[in-house]
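Written below as structure tokens is the structure these notes are about.
So that you can tell them apart, the chains are marked A, B, C and D in the order they are listed, and the count of residues begins at 1 in each.
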């Protein structure tokens, strides 16, 4: 049954140094507040899994939280590069990180397989791509019925998944609405999960087939108002495209990044 | 793009003798009106796929439409046997039929795989069951990452799938709500599809993550008011549990069944 | 003071008591559904009931006739597609206990819901596996409830639709990612559990008024009784009242529909 | 009368015209998204746009900055989970055309969005594959649009992130269940198509005012021109107006947010 914790306590309890962590949200509902809390608590040696690392992992990588990143598209959407990711990969600052890269289809299927309790995902993919030559976690199997060669990747099964959602009810059931990405899969695939929400309500007011994650499938719920900014929360607030653009200049330079981190994460409280 | 047809014309065009047909609806939204139309048009040698044959396939089997049934649970829910299915399997009346049986998990995964364009579904199933000894379509594969033995079944890819839904808009987009079963998967897995609906509306009024099947993924839409009775349509009318109970007596006897079919299907129009 | 109750009521109440509050239960239709809802309405208000129709955490006011009655969806936290139900919720390891009925059960708790006789020429064709084969292996453990009779309790099932412990009791040994299997069988006469070593079903508790001979006569193999044989506690007045109201509501609703 | 327009506008209009009304298009972010929405707002009102964020049949009023902007969801017929998007809609064969951009492209239309240099020690690390590897093989065909330059149009890509026709042009031969692959490449200078036999990209149409030399100078291999080389039709006034309004709306919206 989900426990209601402060974001500080949830991260302190469930994000251990060295853990495999998936923080999902496909452009929408990216759990930035939780990411900042991980940075503030100086978690180290994390293996970070995310289809699109986005600014959130750029910040965590720049802050030195990650030893490895598993991803399928590592850019600042519509803007350009993730400079902190590149600096770590290309120059080893603030530390050398390993990367393991997939395609979106592979990772989406791997999250699905993780939620489904399977060790692998099977899909029609990676045909002609050279990604299998640099990622030894991509294999191929033969269909026993048709003989077709299909791709196989290990399922994603994080130690902890963290997502942001619109709201939870008092029993800890969570509503996710809009672009739902792979968030439900991330939660169900993980050993532990933290969901940050905009608010706690008496009644989710969900339609019969809404994406609702039951409280008993979640470890901890923490209220984090505007917890997805500069990403957005459908029905609550919009995406700060402006910040995504500004991030390019902030992150391009180690000093300006460090300054930003000091001002906006380390010196800030839990609600930054 | 979905064409709006009469139920007669949709069935005449897309259900060919000898075709593989999936008529889905998991207790809810069973396309009875379409089943009756198939019976009226005396379609023959069909391979009928359905997780739960239910009364709809009992009627079609008794009427002589089927040469084979692929299913995972063949009873009258909460009542007892499907007497027409049993009479065909055990005594060959009105004709001998072949059966191929699976578990629900296998068929659900096979529909999913069919919708996903894959030749097979992989899942953790059939452990210790003797079903693989009587169904040569069940195989086992080894996970290339963990060595675990997992079940594999061919995906479901019907010639035509038929489902019933609440409503379509004038572009042919369809809303399915409530217990959605494997209906979307059935439509997406099939070469052709017919959706019967309670009504055509200007606006589906669907929430952002509703189960909506776009018109361009459907072959034909036909209005069939109360088209799911004695099954039900969430938001429109309830299940006739009474008829499900009465069916036991009607179907137990060949003569009473034949009489029922004459009175309620053959003599009736399209809206029976 | 002893209350009046039927052996069916005794079975339902005992089956209901097997469920602990907070458990997540994948519910079979019929007797398991009756027991699971009785548990929810009595000692286990927070038991989470899941039906294979996709209805998650449902709280029906009347018992469903089918596994997909509208009542299940209307009273559910949410309703998911059937592939998701089997993949994420059952196979994904979210189910503590699968609650099953059966037509035939053998001494190793293997279940047959496929057919009586030979597969190619069945004497009686039964409905088939449905969700049971994977519920029995993917749920944390399995409770089984059915009426006791020699026809149902056979030494060896005609067909293993659903694994208990296999035809030799070793069917789960060294299988990765598999649940504990049947941990108790609740009938109208008694409660059985598998022997920890051989996995053969053993009577651990007799219902009030039931003799060993009653069980022996209704069982198709030489049934054993545990040394510390217990007497199953009687239903309470509250349990009986709630069960009877539930069944009366259900009957009225189904007669009307 | 000849209109004033930029080479970027020429590229977008030409790319838009490649889409036929009623096609189902899996849209990449950036230039493809601009072209696809221009098509929808001009000659192809019933083109169906799908973004990998799960937004099905979306009709954004402004261009999204990211692949998952709120606008995409709010104007969509419905929004599905990302695994479903890749499994049912793309891999399930529902997509007529995948519309992609790229950082590097070679003569066999292989795409590189992974890195410049060596994988272990990259000179420039690019974003990676994203949806492209499977869009390129599972969609019925693929349109590619990008600006023409020697850095982008190379003889052999540093890394095949996404299959065009393979490093030898035979990468799709005898592969079951695969799309036709890139059928046209639209740049700010010209339109290219693969040679039917060798699959090498060949210029089929030059944009107005562009010379063969311009293309040769901007291409990293000895580019060939088809015998019936055409001149790409100019943008119409209507197309330019709608494109400019779309971009102005977009800029205003993104500056505000």
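A few points about this structure:
We take it that a contact is a pair of C-beta atoms (placed from the backbone, for glycine too) under 8 Å apart; a residue touches a chain by one contact, two chains touch by 3 or more.
Fair warning: this is a prediction, and the values are worked out from it, not measured in the lab.
Of the two interfaces, B-C and A-C, the higher number of touching C-beta pairs belongs to B-C. The centroid of the Cα atoms in chain C and the matching centroid in chain D are 57 Å apart.
Centre-to-centre spacing of chain A and chain D amounts to 28 Å, using the average Cα coordinate of each chain. Here the spacing of chain A and chain C, counted between their Cα centres, is 40 Å. In chain B, the positions touching at least two other chains are 112, 116-118, 123-124, 146, 148, 178, 180, 184-185, 208-211, 234. Residues of chain D in contact with at least two other chains: 73, 79-80, 87, 91, 138, 177. Chain contact topology: the protein chains form a pattern that is neither a line, a ring, a star nor a complete graph. Chain pairs that touch, as defined above: A-B, A-C, A-D, B-C, B-D. Chain C meets chain A in the complex at residues 22, 24, 48, 56-57, 73-74, 76-80, 87-88, 91-94, 138, 177. Residues 29-30, 52-55, 64-70, 72-73, 79-83, 85-87, 90-91, 110, 114, 119, 122, 125-134, 137-138, 159-163, 166, 171-172, 175-178, 254-255, 257 of chain C are the ones that touch chain B when the two sit in their complex. Of all residues in chain A, those touching chain C in their complex are 1, 112, 115-118, 173, 184-185, 188-189, 206, 208-212, 214, 216-217.
Residues 116-120, 122-124, 137, 139, 141, 143-146, 148, 150, 152, 154, 177-178, 180, 207-211, 234 of chain A are the ones touching chain B in the complex.
Those residues of chain B lying in contact with chain C across their complex are 26-28, 51-52, 71-75, 77-79, 81-82, 85-86, 89-90, 101-105, 108-109, 111-112, 123-131, 134, 146, 148, 178-182, 184-185, 211, 232, 234, 238-242, 244-245.
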